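All remarks here apply to the structure that follows.
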Amino acid sequence: MDPIGRPEAARAVVEAKRRKNLTWQQIADELGRSRVWTTAALLGKHTVGREQAERVGKLLGLDDITVDALQLPPVRGAAGVDTSEPLVHRLEEIVQVYGGAISELVREEFGDGIMSAIDFEMDLERVPDPAGDRVRITLNGKFLPYREF
Amino acid sequence: MDPIGRPEAARAVVEAKRRKNLTWQQIADELGRSRVWTTAALLGKHTVGREQAERVGKLLGLDDITVDALQLPPVRGAAGVDTSEPLVHRLEEIVQVYGGAISELVREEFGDGIMSAIDFEMDLERVPDPAGDRVRITLNGKFLPYREF
Amino acid sequence: MDPIGRPEAARAVVEAKRRKNLTWQQIADELGRSRVWTTAALLGKHTVGREQAERVGKLLGLDDITVDALQLPPVRGAAGVDTSEPLVHRLEEIVQVYGGAISELVREEFGDGIMSAIDFEMDLERVPDPAGDRVRITLNGKFLPYREF
Amino acid sequence: MDPIGRPEAARAVVEAKRRKNLTWQQIADELGRSRVWTTAALLGKHTVGREQAERVGKLLGLDDITVDALQLPPVRGAAGVDTSEPLVHRLEEIVQVYGGAISELVREEFGDGIMSAIDFEMDLERVPDPAGDRVRITLNGKFLPYREF
Amino acid sequence: MDPIGRPEAARAVVEAKRRKNLTWQQIADELGRSRVWTTAALLGKHTVGREQAERVGKLLGLDDITVDALQLPPVRGAAGVDTSEPLVHRLEEIVQVYGGAISELVREEFGDGIMSAIDFEMDLERVPDPAGDRVRITLNGKFLPYREF
Amino acid sequence: MDPIGRPEAARAVVEAKRRKNLTWQQIADELGRSRVWTTAALLGKHTVGREQAERVGKLLGLDDITVDALQLPPVRGAAGVDTSEPLVHRLEEIVQVYGGAISELVREEFGDGIMSAIDFEMDLERVPDPAGDRVRITLNGKFLPYREF
Amino acid sequence: MDPIGRPEAARAVVEAKRRKNLTWQQIADELGRSRVWTTAALLGKHTVGREQAERVGKLLGLDDITVDALQLPPVRGAAGVDTSEPLVHRLEEIVQVYGGAISELVREEFGDGIMSAIDFEMDLERVPDPAGDRVRITLNGKFLPYREF
Amino acid sequence: MDPIGRPEAARAVVEAKRRKNLTWQQIADELGRSRVWTTAALLGKHTVGREQAERVGKLLGLDDITVDALQLPPVRGAAGVDTSEPLVHRLEEIVQVYGGAISELVREEFGDGIMSAIDFEMDLERVPDPAGDRVRITLNGKFLPYREF
Amino acid sequence: MDPIGRPEAARAVVEAKRRKNLTWQQIADELGRSRVWTTAALLGKHTVGREQAERVGKLLGLDDITVDALQLPPVRGAAGVDTSEPLVHRLEEIVQVYGGAISELVREEFGDGIMSAIDFEMDLERVPDPAGDRVRITLNGKFLPYREF
Amino acid sequence: MDPIGRPEAARAVVEAKRRKNLTWQQIADELGRSRVWTTAALLGKHTVGREQAERVGKLLGLDDITVDALQLPPVRGAAGVDTSEPLVHRLEEIVQVYGGAISELVREEFGDGIMSAIDFEMDLERVPDPAGDRVRITLNGKFLPYREF
């Protein structure tokens, strides 16, 4: 049986999760990590250590080849997400509409620099609302000032 | 003097704000709106009503042509933000890395649908941190389920 | 036999429909849904529930793997339709020619917002006409006003 | 004073309509044409005859140069609409999600051919709904069968 | 043996034609259709009826799977031709150089509208010339006037 | 007064032709050239000699700067035509649908080579038809065989 | 064993040439053609006749399927060369830097027209130079004047 | 009078050359440089020294601002040539058809490396031919081997 | 006199530097910053403080409008550099050829993360070499590890 | 077993290196080459000689097919690196921000020309830093002046 890559391992995880009827929270609890990090990592976007891969493999009943592939380097290129999918497109549209405001406010508040996408964490929660529940996504990244040299 | 459009009005606002040494929060307070909405709206991304435009005009000392232009329809197309600017690019990269995880978690939590970018609000705050302060951006949109017909 | 995805399931549905000599209306009647929703859903663009998948499977004589694949998440990205196909291109051209008019009229009639593509339904009918029958497509989506926050 | 083109004439119409506080329906009534055709035509997407241009010019108080420019050939290229504007993007997304279904149903109902975008008309109405009013857009084009030669 | 699509059927036709040493004209004669329509149709660009497919199948000695595939819906998207191939590129260049003149002349001669690419036929002939034979391609499409509604 | 380029000269020709109420055929007759060549040339796509420019200038009442600009080198790049304009798009679609058939038939009839777009001429005529008049466009180019060296 | 296309035949030729330790010149000598034409032709860019294919097949020890595939029509589209490869990119850069000068000089020397890429031949030689040997590439194409009609 | 850039200086050179009825060769002779280098340099693609600029200025009767602008850094980006112009496109097509052969032959003859586009010269000549004169373009660049470190 | 932006201020700096015959090093010395930072900053890529702008203004004899514009926010989007310019293209090619090796080595040496382009500095020096002097560019950025959350 | 290409050989090297638990430095030492060259070469970006391939094959325990494939010509096109991967993207961003400054400084220091990407070497080191270790990448290429001819 041939070795597989991170995308194939991700598909195997999603399939096994469906068969085992587990939630991402349950898998995250097994790893002691957040739900967002765990989902992103198992979809191939973060490094998964040997012990982490083995615990996930045991929980989901994955074969050794998949457990091995989970430990390969992550693949984070743009091809890994289809920004024309309606759900993801809404995030793109938010950047389109609010990107300028974010730039203004970060510059005013912190000075010249960026919000790190590396020293970064994210959360996603359901906010109950009588007019229809809401999705709340929190982005939290270290401010990095441009270095003057 | 010729009429101007939303982009020119936005530049006039930013210029006047700098001259008057005001913060976006102070302008937002004048309007009784949040800092993010106010900034986005004055940058041309939201509808600004007559009364709102006049209050902003008075606070910033804008001329009538600019106050008039602020009331034109918003221009929200992709050309309005340069996603290759380093600060904005980090948001794109976050969509690239976490877009798949967001899709998975929204589907698991809410079912088939999207987070609205219209019935939507956003916040941006500074989070003090001894290892370097952090930027926290909160996206909050109504979940809209796909209609089965 | 390996599991398949939504596109493969869609091809199997189209093939079986041809073999069984059924119309989309007959399949829609089996589901108690409209013809457009049913067609889009079976082509992979909407969530199909377990019971729905099984009824379609029985009607069309699909194997279990296809019935299973019909229940996978929908795939709605831009790659799912070739906008250079002449029939679809006409729709693109209509957006090109009438998009500005639609924006003007929605803004005048409803204010600042959009027609939802999620809380949305569509119909397609044949309109007999002595000069040549006509295609009538009806788009019907909830107006969503931009939220001021 | 230099002659102007269709886009400049369109801007002049929109500006005059705002100043005169007229609706597109009122302008359409003056021409005895539908609201959608009138809006599209005055935005530069259809041929406007001499008499039509003069009636619009009188109603809106346009100068001769604008009345002249309204009679220039229409400009219908893709650059005339920004498909990344949120409102227009929803139409694109509808083509993306339902384009395949439309192809299937037109082929089943009419045979091999297209819905004309030339021998075509469109309507847009507000549909009152207690859960939020809805936008209804009707596309109506002649079916054109491919010629076998 | 798995079913095949229109592109595979097209390759099988071209291969069989070469083996049988037939011309496109001979195949067209069998169908009672023109050489251009026949070639385009067998390359997958037009609907081929059951009887037509069977006659071609018999003439070229095609297997049942190919005869079946010839009856599938045509695939007419832009991916079906490589416009960078030198021969096809010349056609693109002609549109580039003469497209504006064609627009001017159609508008002058017929008014506002298009030459249909659906109610359309085409011919290709060799024109002997002492300075080197010439290719003559004739495009013939119904003029469709824009509808005023 | 500053010198102008070919595109500006083309606009001046179109404007003068409209004012003088001339047809392209009348201008062509003045030059002793065909209607298509004349239109393309005056739109900036072919070299116009001094004498030709002066005759056109006299017929249309053009100023010296325009007559001078007509003699500048032609500009034939892709930017000179908008292939998304509905009329021109139909030509693109014809290449898309029939490009493969043309390649097959030229190769069968002439061998390996192209139809020249340089040693080339084109005609456009109205063909009366009770079911609606038709546009006939004739492309006529020298066959150029690939050189074996 | 399945039939193969020109690209696969090209790979087989390159592989066999390496195994047999032959130069392109030796293969060209066998065909009585130039080194550049021979290389281009065997890489799939020119028509190779039956006798030519058989001689090459014998020299390189190719199997019948490859000899057959060499006689298929050439594939000359842009996908056949990667212009981002450093060696090829230098040619692109030369067009970028000298394209305007070439246009000026051809127009001055020959009048309005092009250098044919069809009635064309090319040579490539090594030019010894004490400061480092040089590559000399000669392009030689018939001048084709635009036809005035 | 405002300073101008290289593109404006290039246009002034071409215009003055036409007025003075000079050839590129005559200008090249004044500089003691080749015709191709001189043309490319004056079109803005090479550095022109003070003395060179002054000699050209005197020969062509250029004003001081143009002579000054000729000494600005060259602008060699891809925007400086329109590769869709028919004459330039032929060069692109040659790269498309022969790029692979050139790679093969350079590798065989010289080893792994490139033909420099910097330590490079080019010539363009007219080759008389009874069947129609030909354009001969010679590219001559130093071979640069990849460095192994 | 109208205010100007960063690009116009950059052009004014380059022009004044040429007139004053200063080197970038001399300007950098005035600011007590490195040559690379100073050049990038004055070309509009970094924030320039009031005092810095005034010192540069004095040294180069800039007017107040330019000194003011130098203090505007930097503009760092992709449009600010033409990657097809031969010099810059070489950097792109280096990323193309060595990007994979850099990824491998950073991962091996540091683990999963990136080299910061924000907490970053760069140097450029001339390295004398008998075989031709060399350009040495040093990139120096903080390693940022991905955060596990 | 079929022959493989450079990309497949690269994957085999990476896999074997991981299994053998070797560093790139250890492989480089075996070849007597630098770490960067060795990594790039084994990833398929440089020519690997027979002896080099065999030594690597022995060290890593590669099969003959892989050792053979390592000796194929390198593949250096843009498709070989995903510039949207966050680590590589930082290099692109550096070119975006500093490309203009590099052009200015090279021109000032060396005159008109480029830094060679062929007569080039690169180094990558870890620089310990109490505030977080840093990545230092050194680019070192021969300056090549444009040739005046």
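Just so it is clear, A, B, C, D, E, F, G, H, I and J label the chains in written order, and each chain counts residues from 1 on its own.
As a working rule, a residue touches a chain if its C-beta (ideal position, glycine included) is under 8 Å from a C-beta of that chain, and two chains touch if they have at least 3 such contacts.
According to UniProt, the chain labels map to these proteins: A, B, C, D, E, F, G, H, I, J = Cyanate hydratase.
Quantities reported herein were computed from a predicted structural model and do not represent experimental measurements.
Q: Listed by label, which chains are in contact with chain C and with chain F?
A: D, E
Q: Any idea if chain B and chain I meet via the same residues, over half in common, or different ones?
A: different
Q: For the two copies chain A and chain G, what rotation in degrees overlays their C-alpha atoms? Round to the nearest 5.
A: Fitting chain A to chain G on C-alpha positions yields an angle of 145 degrees.
Q: Per the definition at the top, count C-beta pairs in contact and tell me whether F-H or C-D has more.
A: C-D
Q: In whole angstrom, how far does the Cα centroid of chain C sit from the Cα centroid of chain G?
A: It comes to 48 Å between the two C-alpha centres.
Q: Find the geometric centre of each of chain B and chain E from their Cα atoms only, then give the gap between the two centres in Å, rounded to an integer.
A: A distance of 51 Å separates the two centres.
Q: Between chain A and chain D, tell me the centre distance in angstrom, where each centre is the average of that chain's C-alpha atoms.
A: 42
Q: Residues touching two or more other chains, restricted to chain A: which are they?
A: In chain A, the residues touching two or more other chains are 36, 76-78, 84-86, 93, 96-97, 113-114, 116-118, 120, 122, 144.
Q: Which pairs of chains touch each other?
A: A-B, A-C, A-D, A-I, A-J, B-C, B-D, B-I, B-J, C-D, C-E, C-F, D-E, D-F, E-F, E-G, E-H, F-G, F-H, G-H, G-I, G-J, H-I, H-J, I-J
Q: What residues on chain C touch chain E, complex-wise?
A: 15, 82, 84-86
Q: Can you name the residues of chain A that touch chain D in the complex?
A: On the chain A side, the touching residues are 84, 86, 89, 93, 96-97.
Q: Quick one: in the complex, what on chain H touches chain I?
A: 3, 75-79, 117-118
Q: Enumerate the contact residues on chain D facing chain C in the complex.
A: Touching chain C: residues 14, 23-24, 35-36, 39-40, 43, 45, 76-78, 80-81, 83, 85-88, 90-106, 108-110, 113-117, 120, 122, 124, 126-127, 129, 131-144 of chain D.
Q: Considering only the defined contacts, which chain B positions touch chain C in the complex?
A: Residues 33-34, 36-37, 46-47, 73-74, 107, 111-114, 116, 118-122, 144-149.
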